[in-house]
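Order as written gives the chain letters A, B, C, D and E; numbering starts at 1 within each chain.
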């Protein structure tokens, strides 16, 4: 609860700062505030306001995922700073991002479905806005429009599902719902609700066949917004989905599992196969994000003690995404041209950035000793322990396919001749984010225990 | 004694290293001298050993160092000096010294002479290892080592790719035999858990191995011998090996290396004695080789080729003897053959030297007067090889034929015919080379001369040995048989009865017939062999060596090339395509996928709704309550 | 009696909703939608939740519809300039919506509890007083959080519509 | 003191090399690699004095994964191979001017680190990590410093990467499965697991895929020739000299003991496949036109024999395999170095564009010839010892296997001599600059090692025998 | 008075489902973005109706409270949606969703 309040406070500060003509300090202050919040939150020294446990609880799951979201947001804000340098709407953008963070935090710490619903809507609406925020760019408009239409539809389904839960139990309280989910006498409306919520969440995390929006929206949105979508939004949705499943469906029914397996396989395959022939980097990231969704969804198949795996995967995926986006932002500079050719010769013209990108891609591809490898490893370990060996084989086949397109970019950076006259967006923020993310990827890889023992 | 052995072993190796590394600085003559001295030292050491063993001292085994162990089998660098190996070393190093001496002059014009000597020394070293090794693997080191040297020396003039081809062919055909040898080693090693000759001999009686496996082992060893000693079907490399310098042909491809097969079988005689069926195979192969090679020799025009086929033929006779269990006879013939064949080769080298590299007998003739020493020494050797009394070849060949006669009449017939042919083509060689008028160019004629002393001295010594060498094993009173007796199973000696004299007479008459025909054809009628293009009929078949090379080419080499090409062009591509095909399929799917993702929000929503419907239907509607 | 009212209201709701979706003129659609909202408000009244009905009218028919209509007017889109959708797409739309409905209803039917006993304890649970208490006590956090939601959308709407000023 | 010192030296060496800048990179790398070799030798000495060099640090507590290195004769021998070849390979890089040399030398050392780790790791997971990260440096080495057309190179190397990556992922699955059974990745715990035959079959297949691709065995070899021909010489040496041995070593260390039953039941088939590779590789080698591809296929043939020996499950086969790994590693580095020397003069790998070199540089020709002869396993060379052991082990399985595999000594001689003849012999065609003293160092070391161990292999045999025995007991 | 005693919850469920489907149908059928917005509103209202019905079914106020949140969400969505719509309209001159196909593949 305190975390949420603090975040909202930071958001409001951003809005007030504009009024008080303190535009310059908005970004530094919000980042510092977020990082402070992060450390305090992680250290568990935040004074807890009691009395609201029926709406917001801060258990370990909430605490660590919130921490992840906070640090992600801080870095995302830092990374977006160059884009807003000359914007009169700086405070609007930053405050929306901070509020989105509050939505994300609500999504993992809710103890009432109302909070969950509002959280996901805050996050989604923030994203609709940001996706369409480049108002003169038709692609941005289109992205915003598509995202909005499909997102609202998904929200409707989600809402229908929540309603069915309510119909079956007469409450929105998580604890009661959990008891209902394990009770034999619960009405079957409950399960319809579960399925509808699942479908809604599958949309939010972009799982096949509800994933179609993702590549288009990723491509059309301004790049720093794409970064948010592929890191914060995806991870938050995933965590929230996980939490929902633990509440609503901890004793997963057989057929439900089967469908989920099909969805997982389809998602991984679709994401990877579609990524193969993409020419635009943002679409590649989008499709690769879809395949990562498939991987993360596997944690849902056996939720016992899978929180750590999800946290690990989410962390490594999001940080790798941050690293990648710091380079993408650096390279593509203007929005209209995000072809992979832009990366040609980066290894020569800017070895550091090329290195960051390489590490990010290798981590996403799951190459040891980087964090991404351990993420996949823990996940595979989990699903094999649960007995889904066939699924594990599909997963590793997907890992192979993924290598193709990740390495396509790597190869472009190191073997192609640089395009002459190409200018980069040479901002120190990108370097900072990239380096921090890279170091984190390596550190997490070297000491996976640091995250694996958290929850 | 140990010092002697060490010196014996390492003198050639030292010679090899010195001439290899410092040969260029030392100059030709010095390196030649060092090379010769190294072998001579070995010869002296051998003499010392020989005298000790001849004096009845015990057989010496000498362990230099451990080599390696394989399972329970320990393999050491150890050497065995018994009657057989010392005898063999004696003529190896002896003839080796002479040929080294000869080469100092013969190779003097070659810029890589120091290298020549280093290779020769290396050869002698490996030959010593082959002969003196006390276990099969040391023998194998020598075996492959001499093959290597043979390769190096055949291809000594490596600018000529034909010579290189010949060298390569020799090495590869030897390797076919070597594989057999290896398998034989495996069988013996596996069943006896040792590779030491003496231990195997001791263990043979203990029933550690089934007779059939023993036969296979013997057969495998024999295949090895076939390769090294140029027996059919692995014979064709030897004539080609004449591409090397003539001293090499004399030393390696006539006197020593090619007899390694005979040495090996003799060394393993205790094994072969237990496998009569393999002995039969050996005898038959030997006989066939003898006659086939002799018949090819009838029509060859290259002086060295004639000698080469004669070598193959003589080796065939030796194998015949081996197959009949007459090891000491085979050894006897090896020794006499070493004398006269080395002499013949060196003589032919002298001729070639005089003619500046001309080897075709059709372009020779009348050299008798210009090169008297060469002529007379070669004549003596020719008489010896033809089996004319009392030269050494008479005694050794006669013993082989006699043994054959007692064992198997058809084999005797074949052997005799081969001998007659030998007499014919050897005298054909002599007549074409030394008699009548010179047929070469004027320029060659102008330069004709007798070879220098360094060349003729070895010739004379060898001719002398060829003449009197038979003395070591005269029928009825054989020093050799007596000397080697401890090594072999006792078997009764043939009595020198009337039958024996009759056989001698028949052999002599046969040889004289062969000589007579040659005399009539080439001296009386002064016939000159026709040019290669005009050859026809049976003559052509013989001239083309029964098309053996062509047959091998068509049935083995070409198919391998074809498979190789096929594999390279199709199989590799196919596997590659199959792998890439998987990637291609995913790529193709990717294209299809891109069509679905067409930017139309309606399509996306359809997919959404269908996914949702499918989920609901599967989980809920059709669920059994 | 109430059943008849229910069925009439339902018919109006569904009918106008359908007309909203299919009528070619956007203004007409908006009008139908308003009617639909009123019908829904009628349903709420049937449930005896007057407060909700009024809020519903105010928010939907009052605010949202006005917003929509205003936009329509702004864009001058009252004329029917919508190009024809391909027949296939239309059929697909009909088919998929139909099957969705079928499946939903089938699922709901199947999930129907066998013996439903409707409680009628007479406890007040939907008066303004009760709702207010619940909203501001138990649901205080979401209530406040909803304001964040609205704040975000407000900022967003401004953000998207406002021209970039150079500084 | 423990064995991790070698790893640390290599890793620090890589870092220092990178930081030392392009100018001093090669020398720093050489010094670091020699230091690592020195550390290895010291460790070897300590090991033989009975010191305990093992390392065991907790790493991922939740999954009971440790940073565990175990030293026995086998792993030490492989470590010696790695750290011993590394200076040679770095030295042979001296003849090439590398752009951005600090990176390539650092990558080489890093790869050495990973490979050394693979040989030492006694925790399955750690082993896998090392196994996998060894792939990254070689990928970049081949990609950035390779030769030939960029597009083709890219494809070839990507194929190589995905191929091997794919295989190792199956191995990862196998490990995870084992972990779920035993709750630990520790090798001794895994050895002690009781598994059903079906489980072992699947595990065998998973391991086999990983190793068959890495080694490579037919029909998983198609990456090899292309990668070899596209990678720079140093990369090819790393690949063929050490990396292939990772696969073979792993067969011995992991696959066979863990899936003993299955391996035992299918000896004839697997040995058969390996031998088919021997013959196939030899035959395909014959007609290769590119010298690097030529060596690649010949290597296919040689490692096929090693694999056959391993899968024969005999002590002699194991011993021969280890010896042959060492000798093949040494010789193949020599051969590739020779190729690179020729390339540095002629700027081509096409055999038909060579010839007449011996006449111009007999010294070089002699060294090349000795290395060539070693590769055809002439007695008194190290390769002979290995090949003899291997063929003997196959003989123990079946005499016909020995005969079939033995054709390698014929075919090997055939293609090697043929190649030598075409490349080196004949009259002078193109001028060939004599190799300098410095350039010949590598060749002399290779020749020296080959002959030295050909004559005195027993110390190595004594070193590896106990570990091979224990593996064999584990299988039996 | 409880209307459910007369009508039955199942009828409300059916009504909501149908209304929901009409919304979905509109989303699929139309290309006019404004009408698609309206369809979404219909869907949300279907849910609202159901919430109220269940609230009545359980005699529990939280369902109705939830309706308020839904309304807030609907309002927020419409505001944002219309903002986006307006900027689309400014850029391409109409609001036909079929014109938005630049992003694909």
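We adopt the following convention: a contact is a pair of C-beta atoms (placed from the backbone, for glycine too) under 8 Å apart; a residue touches a chain by one contact, two chains touch by 3 or more.
The model shown is predicted, which means the values in this text are computed figures rather than measured ones.
Grouping the chains by touch while chain E is set aside gives one piece.
Between chain A and chain C, the least number of touching-chain steps is 1. Using the average of C-alpha coordinates as each chain's centre, C ends up farthest from chain B. Centrality by C-alpha centroid: the chain sitting nearest the overall protein C-alpha mean is D. Contact tally for B-D versus A-B: the pair with more C-beta pairs in contact is B-D.
Chain D and chain E have Cα centroids lying 66 Å from one another.
If you average the Cα atoms of chain C and of chain D, the two centres end up 70 Å apart. Centres computed as Cα averages put chain C at a distance of 5 Å from chain E. Chain centres here are Cα averages; for chain A and chain E they lie 27 Å apart.
Residues of chain B found to touch two or more other chains are 583, 594, 597, 599, 601-602, 605-606, 609-610, 612, 616, 620.
Under the contact definition stated at the top, the residues of chain D that touch 2 or more other chains are 162. Chain C has residues 92-93, 96-97, 100, 104, 107-108, 110-112, 138-139, 142, 146, 149, 152-153, 156-157, 159-161 in contact with two or more other chains. Every pair of chains meeting the contact definition is listed here: A-B, A-C, A-D, A-E, B-C, B-D, B-E, C-E. Those residues of chain C whose C-beta lies close enough to touch chain E in the complex are 2-3, 6, 10, 13-14, 17-18, 20-22, 26, 29-30, 33, 36-37, 40, 43-44, 46-49, 52, 55-56, 59-60, 63-64, 67-68, 71-72, 74-75, 77, 81-83, 85, 90, 92-94, 96-98, 100-101, 104-105, 108-109, 112, 116, 118-121, 123, 125-126, 130-131, 134-135, 138-139, 142, 146, 149-150, 152-154, 156-157, 159-161. Interface of chain D with chain A (complex): residues 59-63, 125, 128-129, 132-133, 135-136, 140, 143-144, 150, 153-154, 158, 161-162, 165-166, 169-170, 172-173, 176-177, 179-180.
Of all the residues in chain B, the ones that touch chain A in their complex are 583, 586-587, 589-591, 593-594, 597, 599, 601, 603-605, 607-608, 610-612, 614-616, 618-620, 623.
Within the complex formed with chain B, the residues of chain A that make contact are 146, 149-150, 153-154, 157, 188, 191-192, 195-196, 198-199, 202-203, 208-210, 212-213, 215-216, 253, 255-256, 258-259, 270, 273-277, 401, 404. Within the complex, the chain A residues that touch chain C are 1, 8, 11, 15, 52, 54-56, 86-89, 92-93, 95-96, 99-100, 102-103, 106, 112, 114-115, 118-119, 121-122, 125-126, 128-129, 132-133, 135, 144, 187-189, 191-192.
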